[in-house]
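Sharing a structure, written as structure tokens. Questions coming.
Chains here go by letter, A, B, C and D, matching the order in which they are written, and residues are numbered from 1 within each.
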Amino acid sequence: MAEKLLEIKDLWVEFKTDDALVHALNGVNLTVNKGEAYGLVGETGAGKTTTCKSILQLLPERVGKITNGEILFEGKNIPDFTEKELEDFRGSKCAMIFQDPMTSLNPVLTVGDQVAEEIELHNPGMSKEDIDKRVDDMFKLVGLLPERKGEFPHQFSGGMKQRIVIAMGLACQPDLLLADEPTTALDVTIQLQILKLMKDLKEQMNTAMIMVTHDLGIVAKICDRAGIMYAGEIIEDGDIEDIFESKYHHPYTVGLFGSIPDLTVKTDRLNPIQGLMPDPADLPTGCKFHPRCPKCYEECVNVEPKVYQLSPSHMIKCHLFKDIKEGGNE
Amino acid sequence: MSEKNTVNVSAAAPRKFKRKSQLEMVWIRYRKNKLALFGLVVFLIIVIVSISTPLFIDYKEQVIKQNIMDKFQTASAAHPFGTDQFGRDVLCRLLWGARYSILCGLGVMALSLSVGAVLGASAGYFGGAYDQIIMRILDVFFAIPMTLMAISIVAAFGNSIPNLIVAISLGQIPKMTRIIRSSVITLKDQDFIEAARACDTKKSRIIFKHILPNAMGTLIVEGTLTMGKSIILIAGLSFIGMGIQPPAPEWGAMLSEAKNYMLNYPYLMYAPGIAIVLTALSITLIGDGLRDALDPKMKN
Amino acid sequence: MPTPLLQTIGLKKYFKTSKGVLHAVDDVNFTIEKGQTLGVVGESGCGKTTLGRTILRLTEPTEGRIMFGGKDVTHAAGKEMHEFRKNAQIIFQDPSSSLNPRMSVGDLIAEPMKVMKTITGKKALEERVYELMNIVGLDDRFYVSYPHELDGGRRQRIGVARALALEPEFIVCDEPVSALDVSIQAQILNLLMDLQDRMGLTYMFITHDLSVVKHISTDIAVMYLGQCIEKAPTDELFEKPLHPYTQALLQAIPVPNLKNRTIESTIKGEISSPIDPKPGCRFATRCPYAKPECTGHDLDLKEVAPNHFVKCVLV
Amino acid sequence: MVKYIVKRLILIIPIIFGISIILFTIMNLTPGDPAQMLIGDTYTEEALDQLRAELGLDKPFFQQYIDYIWNALHGDFGISYRTRNPVFDEVFSRFPHTVAITFLSIIIQVVVGVIVGIVAAVKQYSLLDTVSQAITMVLASVPDFWIGLMLLLLFSVKLGLLPLSGIENWTGYILPAVAVALPYMANLIRLTRSTMLDVMRMDYIDTAKAKGVPKKKIIFKHALKNALLPVVTLAGVNISWMLGGTIVIEQVFNIPGIGSLMITSIRNKDTPVVMATVMFIAVLSCLINLATDLIYAAIDPRVKAQIKG
């Protein structure tokens, strides 16, 4: 069995705004092993970004709050970290890449400075020359000319900015990289280049990764395991073989696959999921997917489903599977 | 306009759905802001005072008539705020003074808003040489310090209230025009204007139905801010003797007279100052409240 | 052969910028038959959005002609233009900026009919609005809502209803599903296809998403830096892509299955800017097969198979 | 860069011309005859006519304007109708006072404004934030001359700490500078606070946090520079407004600055002095405007690129 790097246990997160209490995460359980790429799939508002931000304790102050659960990184609970421990943890053990490269770099600092800052912070005592050399190495690694490190973010294109952000994320060789839709803002040909870069570097550095995305195609290309999120829960979790090739799926997963036009097969119409994402301030009872579920029956409306283990790696949170395999675990 | 629509729709509709008019929604959002509500109440009181003073105060007898015998009395039941150097009741003068500030403030707001809206909206919408000419001319006015401009105009044409309003508006128009122009330019590029053009909508309808209602928020907020500023400005002009002249009890003019007796009778300076602050503050609070309330994207 | 519903001949749209002349649309020729869907695919900055707006004359073309229903509408004005606007409509990408935030759903859908005076009488107009809302799958109760109170999918349905209000023959769909989540995206795509079947609409479907375009289009045009570099019937294009850029685009789509998990990126670099482009193939700088003869002179769009056009020296 | 500066300097010329036309017209419409005012109560008609001719007042309006511009272009701004001194001497004997007040005032408003603004933003919702917001709200609505009067009452009349009026030494500048500064400062606090809050919500701040950058460094290295941009612009605008806007305050404190010069000159139809002063202030404010844009460019590389391009 692989060694556990990150384990999230029953994580609940709430956002309190002026007019509503938003239930962003409602009991998320997930595990990422060392060196593994985990895909977190879901639509807008499913709680993917909140999960990542919780790991780094980046939830908006005063508004976002972890109400229950543990986030164990190498066995230590991150929410218990002191401010100092957090600063050491962020960047060196666990780094994050944000969705929009256009806005995730500071416009008034040179890109070289921004990469160097990260190295300097986590390697106290490192000489200026060594840091400089390290920055050059990182630039080369992500396919950028080191001569350009004195330039400012606006002088780079979106794809190149994302390369810089990746260089920054990997500069201290973190054990875990959180990538929040790193290619959504990019064109397809550039997306491919970035995905390839990330996959190569991840293997080269043996970094574990959580890849947040709404694109199942990206999961198929990059990830070893994946979880499908819906309304703040992981409703299906497994190896990618389980997700892409098993015949048992959560009805939402089925709907997601049905919504993507298939390039290989000619279909007349798509089979989308009916209805809309539930309002996270006013979630349905029972199974949160039941109002949109084509297979919904009485129990789904009233009783929250348990998580059923279909195989050692494959888990589904749905009433339909209680007879398929006995002994669901909470 | 939208209120009229509501009535028609529900009257004719087989399926009835009640729609809140835009005005109703603005009010619902506005009243949530307690400070803005406070500002509105204060402002309304000041407006009512300024309109109704002639009903219970006699200008000749109570406001400007000198009673040297009664001078420099401190607060008493007969004169709650005391009397000034000519024995005039400070409270009466103060209440009467409200009308100057409100009248000038509203006048400047109306004038600078209407001129600014016409110039800004047309320059922003049509662009090109027309825009360039308007903006370059306004640059010139923008470079003349506002107070200096007002003083020289008053000196040239006399210090009547209409002249004062024009003089102060001239200083406000360039800024107002710029703000409205830039908000029109932003709106012009929005897809919903394209959508209107795709239906062969006439320019006038695009401007009045699609652009102006959306620029209205900026317009109203800027208008209230201008009003607050101009009330302070008019008091300043009167204070240096270039605005409304004594014996008229304009608040700035009252302060100007009071300054001469500062050493011995400082109380004369409190009331007019506080009156100016309250008026300007109430308008600022209203403006702040409207800023949020007029944004259609804010939640109810 | 019947007259195509829409035809562009040498259509160009240039913009003057401080850095030079931007060739947003550069000599684009294509036809769309009635009832068909032409998918226009390309990456950001390839001029696909400008193309859509130029065809509808929301921006005036620099050069070239636009034929609609056999009539030249390039310089149409007055009545002719009115007729063209009635028959050619547009659905925008971002449903939040394409709907006037100060108008209610009912007013938004009624607006084109009020402006065009196609339906007179309050009651008739209202009935028609409810009918349109029904067609696009919007509940009656939203008649009095404002767009910002609705979610993205419903807002896009308003956009569709507005475009349908004048019963046009032709609709430019400018990335109508890009801003939406996949499950909602599929709902809107199905809606558009249903409408086409029911009303015999003709679409020009602009998108960057090849899988979407494959699903909805009968023909596909691939654009790169203002030019159409390949055009073919959908199945043909997906089976036999000829231009290296088209091949790269197809290869770049991550397919949601585990058949091929290697990532191979054949084209390097990024899209350059279409400001004062040099003659020659505009893709040459990134092309893995680039040869000296690719640069220096402009290429023609050659018909290499029936209805399959390519602009490349290799074929 | 040099090209940009030269271009901006050239753009000042039409503005100055526009101002000169507007002002000359207004001054011409102002009632009164400078020659009559100058000559006093006892005079002969010939002497008056001679004085008029000497001052060029007998010529038609248009000719007067052309003459004025012609002389001004040659560095001759004429003599004051009122004092008969060269205009230059008049203006420059007054200017240092106004500049001193403006300078002191801008330092007070920027330093206090930025510091309070940042603290309020960083400690959003704290008591300090609420109090500072309430105070700025009120301060922004208080006329500066009334603040001046109240300060006089407190510090000069009641406490006797600072001079009551006039400028005998530098302490005379303190109260006027503070009085002018407070309303402007209120706006600077509000602006700093709101841009700081906006900046703190940006993605790159999250990026910095995710890198493990300590909070202090995030505020001062990553956020402050970005938040300062609009503050620089506002401070620049404030300076140009204060140069021409301390008129009222100078009356409160009896300071012989530009303001009192302007009032007497306008009342006495002393056209040369008014023209020279306003044009001088306008040129200054255009220069300050340019300086603000250059500072802006120094902070923000995107603006710098635009200027260079």
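Convention: a contact is a pair of C-beta atoms (placed from the backbone, for glycine too) under 8 Å apart; a residue touches a chain by one contact, two chains touch by 3 or more.
Being a predicted model, the structure only gives us computed values, none of them experimental.
For chain pairs B-C and B-D, the one joined by more C-beta pairs in contact is B-D. If each chain is reduced to the centroid of its CA atoms, subunit C and subunit D end up 54 Å from each other. Distance from the subunit B centre to the subunit C centre is 48 Å, each centre being the mean of its Cα atoms.
Look at where the CA atoms of subunit B average out and do the same for subunit D: the two points lie 24 Å apart.
Taken together, the touching pairs link the chains into one ring where each has two partners. Those chain pairs judged to touch are A-C, A-D, B-C, B-D.
By the touch rule above, subunit C contacts subunit A in their complex via residues 43-44, 151, 153, 181-187, 189-190, 193, 208, 210-212, 214-215, 235, 238, 248-249, 251-258, 261, 263-265, 267-268, 270-271. Residues of subunit A that touch subunit C in their complex: 43-44, 157, 159-160, 187-193, 195-196, 199, 214-222, 240-241, 244-245, 255-264, 266-267, 269-274, 276-277.
Interface of subunit A with subunit D (complex): residues 53, 56, 58, 62, 83, 86-92, 95-96, 98, 100, 103-109, 117-118, 121-122, 152, 154-155, 165, 168, 178.
Those residues of subunit D that touch subunit B in the shared complex are 14-15, 18-19, 22-23, 26-27, 29-31, 137-138, 140-146, 149-150, 152-153, 157, 240-241, 243-245, 247-248, 251-252, 262-263, 266-267, 274, 278, 281-282, 285-286. The part of subunit D that touches subunit A in the complex is made up of residues 125, 202-204, 206-215, 221-222, 225-226, 299-302, 305.
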